[in-house]
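One structure, pasted below without further comment.
The chains carry the letters A, B, C and D, assigned in the order they are written, with residues numbered from 1 in each.
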Amino acid sequence: MELLIFYPLAGFCVALALGVIFNKSPVGSAISLIGMMLGLAGIFVLQQAHFIAILQIIIYAGAIMVLFMFVIMLLNLKQGENEGWASREKNLLLSVLTGFLAIGILYKIWQVLFSVDMDTPASLPDSFGTVAVIGETLFTDFVLPFEVASILLLTAMVGAVVLAKTKLD
Amino acid sequence: MFLTLITFLPLIGALFLVFMPKESVAAIKQTALAVAVADFLLSIFLWTNFDNTSHKMQFELNVPWIEAWGINFHVGLDGISLLLYVMTTFLTMICVIASWDVKIHVREYMIAMLTLSTGMLGVFIALDLFMFYVFWEFQLIPMYIIIGVWGGPRRVYASIKFFLFTAVGSLLMLVAILWIYLHIQETTGVATADILYITEHLSAPLGTQKWLWMAFFLAFAIKVPMFPFHTWLPDAHVEAPTAGSVILAGVLLKMGTYGFLRFNLPFFPQASYEFVPMIAWLSIIGIIYGALVSMVQVDLKKLVAYSSVSHLGFVMLGIFALNPYGIQGALIQNINHGISTGALFLLVGIIYDRRHTRLISEFGGLAKIMPKYAICFMIVALSSIGLPGMNGFVGEFLILLGVFQVNGLWAACATSGVILAACYILWMFQRVMFLEVKNPKNMNLKDMNVREMFTVVPLIILIFWIGLYPKPFMDTFDASVTHLVSKVNPDNFRPKQEHHDNDHNDKQNEKHGEHARLITPTEMASLNHTLQMPALIKE
Amino acid sequence: MLENSVPLSHYLMLSATLFVIGVAGVLIRRNVIVVFMSIEIMLNAVNISLIAFDNYMNLSNGQIFSFMVMCVAAAEVSVGLAIIIALHRNKPSVNLDDFNLLKW
Amino acid sequence: MLLKLTCLIPLFPLIGSIINGFFGLKIGKKAVGFIACGSMTLSFLTSVLVYVGYLMLPEGQHVYEQVVWTWFGASDFNVDFGFQVDPLTLVMIFVVTGIGLIIHVYAVGYMQEEFSYYRFFAYFNLFVSAMLLLVMGNNFLLMFIGWEGVGLCSYFLIGYYFEKKSACDAGTKAFIVNRVGDFAFLLAVMYIFNIFGTIDFTEVMHAAPEKLIYAGEAVTIITMLLFVGATGKSAQIPLYTWLPDAMEGPTPVSALIHAATMVTAGVYMLVRCSVLFNLSPMTMTVVAFIGGGTAIMAATIGMTQFDIKRVLAYSTVSQIGYMFMACGVGAYTAAIFHLVTHAFFKACLFLGSGSVIHGIHGEQDMRKMGGLKKHMPITYWTFLISALTIAGIPPLAGFFSKDEVLYHSLMDGNIIFWGMGISAALLTAFYMFRLVFMTFHGESRVDPSVHPHESPKMMTMPLVVLAGLATVGGMLGLPFLHGWHILHNWLEPVLHFDLANALQHSEHMLHEAGRHAPSWAHLLEPKEHNGWIEFALMVFSTVVAITGVVGAYIFYIKRPDLPEKFTQGQWGLDMVQNKYYVDELYDDVFVKPTVEGSNLLWKECDAKAIDGAVNGAAKTIGWFSRQAQTLQSGFVRNYALFIVVGFISLLLAMF
């Protein structure tokens, strides 16, 4: 059952991810990315990480991608600008490299996961991934990183305002 | 605690300055001066409360700093560091006064000055190797900035050179420190970098000792600077602002010699003994080389800088005489050099402020136009060449006396530096102060003003004080030096053989009196030769 | 019903695939915004594996971590996009190869 | 206790110097002169009191020591800032303060016109103070303060007219040449400490016979070093070149420093360390040879000079050579005797020459003088008396002292020394009267626009006093009356030396070292005093002196064309006139190579070799970084590529 949901979702995500990088227009890329994010949210749900799935939709698919779209609009980028691609020979080389990377990582995963005993996953309690549990952990063990994250966001906000406002010289 | 407070007071003052408005220049200067004076007075208080009779660390504070590695915040003063400590606060004060006329970035300048002071003080009080290393590197930064921002035309080159030379040396020292740390942990089971503990417990085979010794040596020799690591010094001095030069000569160079006394000798007594000839010859070369080169300089500051090389050669020679005369002489000479050379730099700075040049050929006949200046300059110059009755002589004589005990030839070579010193100083003095006033630009120079007198006169008072009654100074390190010497006494390591063929009588008058053993066959031949002389007189 | 019937390795494979796609995007695209999106893909890919391990070992640290990743991503995007706007204002281009000021 | 006043003797001039130096410009010339002379007077009076105090010392005590404070020290080495009063010191104190006072009075008149009058007297007082330290110090290092101090003051005073290049050069030269001597002196002090464990005069001299082997290496080195120190200060071969140049200073300076006091410091030191010198026959021989050689050489140069002060300067060098010769043959009393009389007559001669120069407005060339006798009678007569004294005409002081030196050089030394001495005496008589005749007699060659005049009383009175002293000074040591020789008896406690005892100790020490001592028996044979030989020598040297005077008379009064004829085409003259080219030699051998070598060291070694190595290392690294820097293209994607490549290689490494 789960597998039945997983494979289509995974395929959907991969396809849209490819769509992001191969789409000629940035707007198209962005829309593909939104789709991919939504797909990922589905995968998170599948893993019972409900809270993260919600966040994924709100923050990524919502806030961040809106920002992307906003900037694309603001810059008024024309569709099909040919500088969107690197030269052919280079691309070949880079693809080979990326292929290597993919093979390498996948091989490693295979090597690691299949060499150790992976048969006994923990049985998950019902509370796994709920807001309550995450919240409790976040505000007890990880309260300091949480606060730091808030400062980070504040700084980023100020930084963004400053950068977008003043002219660089 | 009190010691820590005094050490960090300038840093606190610097922090305070950070928050002062940039525009209120006068207030900034006054605050800086107040901090420096307060610090100096407090350090005098340390001196008066110091127990001369003990070689132990005093005003100690030992609290854990990085507990996981056994690194403590351990500070304290003993006789070897006390005077250097007081001199640092003293020269900082003088330098703040001398920098009254800094034009640009006054606030930042004073901040750098005060930070530098804390860094230097920290070096002298640190009793933990890591702490020492931190301070050792820390004081580089403000000095680098002082040279690099407020310096002369080639300041960037000079500051980088200064920084790199020192940093390269200290990196090797860091390696040695780590080695010692691990070694101590291995042999005694205690993870500590405490200098006192290490002094007590460090025992390494001679071969290893030599390597470690060399690592420390490089760091300190560059700082001192010994020949041939001295080339950063003239550049740094020439480009640094006046106060920078004073601090550089007065304190920074002393860290090198202090390092030798604090680390090389007590940590590796045997290696030190083995390296005595090398150090001696390097020092002698430094003495003569520095004097010769400074004779032909055309730039006043460069001349003084090279003379520092010569003077510090004496100090090094004294330290490695490994006897109380030499080491005490070296310690007092440390102070003397800080005072005399510091004063020389101040004086050169005064004339530079007026004429914006330091070329000797630009001057001449200043004695007529600036008599007060000429008198001060003369006194300081004479103290620099070690005229008896002034401070330089006391140190130089003790050092030479100590060296003579070890090797007469070394002493003779080193003493020739005294002649050369007279040559370069007097020749310079003649060209700057005497002769007719030829350059019309010199006609209307103003004599020293009250502020400038305030910077130089205290140093002149010290020059005569140490020259005529150095006892208060010498007493502070008497006990410490005796203790140190008992540890590095060459007799501990001399191969036993040498004593074999001496009979008992010889041992009795070994210390003093012409040794009967002095007479070897060749000497006997010369003795016989001399004995024929009376016959000639009688005919 | 929803037992852990999807093996851990599958999640990781998915994560790896997405990651590599992101890398490829960074390498082959010259449009700065697309490059930026590719980076987002990579971040998301990492999130998948984090949560997969969490799920597998019954922990919540991974989720916290991915939460942090999202925070960082949000911050990064806002600043990054601001930089792009500022850059674009100086030089009307989004082509990365037009910008080579990132030298020593 | 009157002796407690000892420390005040050098203190008074020091205070005077400080007052004059700091406030001299404000208080005016009169006050400056008053303070300078006043401090000297006080010092002189104190010396008298101290002398009285010394006479009241209990029987058998010859030395009074006063430690003011402990100067410095380390471990078992301690130097006191202490003074000692003994017969030798007293003699020197009186010479310094007495003659110093007279010259001070003279200088008040002579320097009246100078602008920086106060500066002159500040230096002058400081000099006296340093000289007193030198003679009163109870250890080698305190002596060294004075030793360097007088060198320093002479540097200041020679370079007094600091706008003149020659004056500055002369000052610097004096100081540096002196430093060469000081270098040896310092080494000697260190060696002494090494052996004795103390540098106190009394203790060292007391322990010397027990700790040093007679004619051994140590004592020879020590005494040779001390002697080199003395040659620097006392202007002997090879370090005499500074003294003639020192005549650039004002004339009172030449009189005080370069005739009466400072240059005799070397002699004083030799006498002070007589015990050490007695232990080293080799050094003694060297001292005597150098002294005799200097006496002759300087006298020959003196014959050819035309600058009135330079002639006197060479004469000083020559006379001090005499004193050294006396020391070299062990006749220390004779040396001190000659020192004292020389101080009288040479001060008088210098002051007289100053009076002459003053009278004809600064002219120093004797070829532009002549016939001054009628213009300045007092100067003439005092000058003549002194010239007769130095020439050794009885019964003036110089005759007795010089005769004593000559007698001892023959009896205690050998005929070579005596020959040196007597020929120097002949030359002395000749050139001194050449000076007198050229200056005061004959046709006037003075510039017609100048009207010679006698100097004011302030200047002539000191001349008269000094001439008087030069006349009667011989009373200190009349010949034939060895039991009554005042100076000899007076100095006996200082010079006392028991050779037999010393030899015994040396034998013991050599024996312990497993060596046999050579036979020293012949050294202990008693010496006889032969009155007849002494009388014969006196007559002979008087004849020699008169010959010299007559010779000068013939050459410069009777037949003024003779010198010209006589020296025509002589290569030797050129050489002597140019002072044997010693200055040039030193210049070529020491000065120029040093300066050039230093330049080479700086430009080649420092700038090229050491800095070159450092900069070379930096450049190599720089070259490598420039190569590496091309990797940094500035394209973000390139950097990303590197990351990927790095990651892939990591993966590969993990396989």
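One rule holds in what follows: a contact is a pair of C-beta atoms (placed from the backbone, for glycine too) under 8 Å apart; a residue touches a chain by one contact, two chains touch by 3 or more.
Fair warning: this is a prediction, and the values are worked out from it, not measured in the lab.
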(request) Please strip out subunit D, keep the others put, and tell me the connected groups that result. (result) A, C | B
(message) Of the chains shown, whose Cα centre falls closest to the middle of all protein Cα atoms?
(response) B
(message) Between subunit A and subunit C, what distance separates the C-alpha centroids? Give it in angstrom.
(response) 5
(request) Return the distance between the CA-based centres of subunit B and subunit D, expressed in whole Å. (result) 35
(request) For subunit A and subunit D, let me know how many angstrom lie between their CA-based centres, rounded off. (result) 96
(request) Quick one: report the Å distance separating subunit C from subunit D, using the average Cα coordinate of each chain. (result) 92
(request) Any chance you could list the residues of subunit D touching two or more other chains? (result) 637, 641, 644
(request) Give the residues of subunit C that touch two or more other chains, as numbers and ranges in rising order. (result) 23, 27, 30, 97
(message) Graph shape for the chains shown, where an edge means the two chains touch. Line, ring, star, complete, or other?
(response) other
(request) Would you tell me which residues of subunit A are touching subunit C in their complex? (result) 1-3, 6, 10, 13-14, 17-18, 20-21, 23, 26, 29-30, 33, 36-37, 40, 43-44, 46-49, 51-52, 55-56, 59-60, 63-64, 67-68, 71-72, 74-75, 77, 81, 83-86, 90-91, 94-95, 97-98, 101-102, 105-106, 109-110, 113-114, 118, 121-125, 128-129, 133-134, 137-138, 142, 145, 149, 152-153, 155-157, 159-161, 163-164, 166-169
(request) Can you check the complex and tell me which residues of subunit C touch subunit A? (result) 1-14, 16-25, 27-31, 33-34, 36-38, 40-41, 44, 47-48, 51-52, 54-58, 60-61, 63-64, 66-68, 70-79, 81-90, 93-95, 97
(message) Help me check something: in the complex, which residues belonging to subunit B touch subunit D?
(response) 161, 164-165, 228, 230-231, 289, 292-293, 295-297, 323-325, 328-329, 365, 367-368, 375, 382, 387-389, 394, 397-398, 400-402, 404-405, 408, 411-412, 415-416, 418-419, 422-423, 426-427, 430, 433-436, 468-471, 474, 478, 481-482, 505, 509, 511-514, 516-519, 523-524, 526-528, 530-531, 533-534, 536-539
(request) Please name which positions on subunit D make contact with subunit B in the complex. (result) 21, 69-75, 77, 81, 141, 144-145, 147-149, 152, 155, 159, 162-163, 165, 168-169, 171-172, 175-176, 179-180, 182-183, 186-187, 190-191, 193-197, 211-213, 215-220, 280-282, 284-285, 329, 412-415, 509-510, 512-513, 515, 518, 522-523, 594-595, 597-599, 601-602, 605-606, 610-611, 614, 618
(message) For the complex, give me every residue of subunit D touching subunit C.
(response) 629, 632-637, 639-641, 644
